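Submitted below is the structure of interest, expressed as structure tokens.
The chains carry the letters A, B, C, D, E and F, assigned in the order they are written, with residues numbered from 1 in each.
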């Protein structure tokens, strides 16, 4: 068993957290880096997901609220905002709560940032609806299972 | 009773929410606007605090997590970040949780944004400590009373 | 007659200003919000257009110059920049003046921001030309009628 | 007479425009560059003031409205915002109009950007008031003389 | 011979530098401005390429490293980032070095900025590969010829 | 010997790189985090300095050019810009080259960003001059020793 796949390494923890939080969307980003910057793919798994999201001091629901708010306010990271709107739904933030968070960004980053983020949310919700009742039902299912603890 | 102070107006609701959330720090901002842009002072109370923070769809703890994350990530609003670090403590986010949120911003907005926000937090925590045991004790007291609902 | 459509409410004033300034482009944004964040559609009408653009202290021509400059300089709000390039033409800023404003942004926000904004203007001018002589003629027509006062 | 001071060079035109628009505040920036980047001092005079502000297609009042709006919205250029608040007053934008422009930025760049810009305006107005009745009276005097044309 | 094409004018120098650095990609930007803002096309050639890139105090390799890093960190100038990824390859920065620079931006501007820039690099590398062995071979060829001096 | 101080760990490598690159300025940042976010101090050493700056694919001179350009362009990280202006001098970038890099940022991020960065450089150069001939002489000394390789 090598250093990278030992279950207690940063990489292994990061991979587990990435799967639990970002799901397929996160994995697609990692795959797209494979032929151009494989070391960066590893660092994405190790630092954000192995170091930061793995820390016990803040629940994942709060972490995703913070991330969605930051990406919406920055206004120049649409692909990452979509990944984390999925992630927020995956860890138990409801669609209605996401809309509230994005509306609130109008106060801090202006109406254009809020509008563009709301249209990103509209696209994400449509993707999940198109994926069928199971997928969209899983918003609520996950909510019950995840909201109280950290990652599944 | 005129339109502005009727308890059910946006202004009256906003003033109540401002007091509950931002406390003295918020009021100082409003006061500082009085001689240069009194209409803007009114709009700050009416729109962010009367319209947005008054909405029932998201608890105040989540709202302040979103605001602190956004202001830290934007990196150009130090005075407002300090006001909302106070506000987050006022509505039940703990100091340790704030540190986690600001550390996480290194992932999305870079290490300088996270560092500068952490030093803003250091300044805010010192202010509260300097205000004596009652004030600093009130972090925890408020947490018990406020975290589950909206504003006191 | 309910509260929202009474001619003297913020909503009614905002709707009137939105139609006069942003025209169809503004209405399309409002419509696109209907199924995901109808309350935000209402707030867009009430706060920017009912509260801010309705204020008497600054003519609409100056307001649109300020908005176009800000959106070009921020560089992350292309859809809103296009809406307000239309709006500026609607309230009497000429195409040549818009080009000057966007060129000037190279000084404050850099050449990439200016270039991207100029290409947005190129797209907007083409849309208006494609809409036929009446629409493009209306740039000048509106200029005569609107520039001196506030909204028609 | 050398190339730099010939009255028809970009440098000479820029120097004239800098004096007319930014006044002493602009000259102080140029002076402060002398010992570290004198070539940049020359480029500041030649490009923004010799090339851009010298163009006939847009009046100086509109140019300063655009600049103040952009700097307020960007939110990370306080010294330059102060210089151009002075400049806007110098070319005929009134204090009340400046307040309107800055308030409007809350819509596009968020309330923190607007607040911080309003406090910059408060500082600039105080400086002008402290400089005595002549200096502050000159806001209006200049307005009458300058607003219709370009630079004095 | 008129003022614009004399070999010693800023315009002529800028045109030479633009061709050497940005190649066809730069020329396409200039061409696209022709019908909307021809004066700005001239200023792009004169100021960035005639004034700045022409200065002897910094080699072109270092200049392009600085530009690519800045555009990646700002995160809102994808077209210009692609032009300067080509330019960096043209003046002798290797693909592997560009990947390192973009990865490093995760530290200062966050992972989304680094990721989006890496995907821009992926697109640029593909364009050069699709242009055939000569074009992609020229990365290395140019490196040998250019890296030590300034522009060819 | 525990995990953190083993000479081959990310932390040990990061600490070595931090000392070689940022010198005392970097250590002061780490110290200032000790009482509020000690884990973040560790992550700053491990990720930027242990993971990124330790990679062999790009020389330190190029890394610091990229960092200084990015921080100047972002315009909201003055303390970090000062640290990395020191760092750039420490690894062999000359004062004259730094001025060129910062002037070039006027093209991409606007004149205010370039001006504010140039004034940061002025402050850094003064600090080094005030520290006496040895310290300021060490700019050149370090240049000879470091520029060709990676860290001393």
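Details
The working rule: a residue touches a chain if its C-beta (ideal position, glycine included) is under 8 Å from a C-beta of that chain, and two chains touch if they have at least 3 such contacts.
The chain list, named the UniProt way, goes like this: A, B, C, D, E, F = Carboxymuconolactone decarboxylase family protein.
What you see is a predicted model; the values in this text were computed from it and never measured.
Which listed pair repeats B-F comes down to matching contact pairs by residue number; over half match for D-F among D-F, E-F or D-E.
Between D-E and A-D, more C-beta contact pairs join the chains of A-D.
Computed centre separation for the pair chain A/chain F is 32 angstrom, with centres defined by C-alpha atoms.
If you average the CA atoms of chain C and of chain E, the two centres end up 34 Å from each other.
With centres set at the average Cα position, the gap from chain C to chain F is 44 Å.
Chain A has residues 39, 43, 47-48, 55, 71, 73-74, 76-77, 80, 99, 103, 106-113 in contact with two or more other chains. Considering their complex, residues 39, 43, 47, 51, 55 of chain D touch chain E. Interface of chain B with chain D (complex): residues 29, 32-33, 35-37, 39-40, 43-44, 48, 71, 74, 76-77, 79-80. Remark: chain C residues 75-76, 99, 102-103, 106, 110-116, 118-119, 121-122, 125 touch chain E in the complex.
Every residue of chain B that touches chain A in the complex is listed here, in rising order: 47-48, 52-53, 55, 57-58, 62-63, 65-74, 77, 80, 96-97, 99-101, 103-109.
Looking at the complex, you find that chain B touches chain E at residues 73, 106-113.
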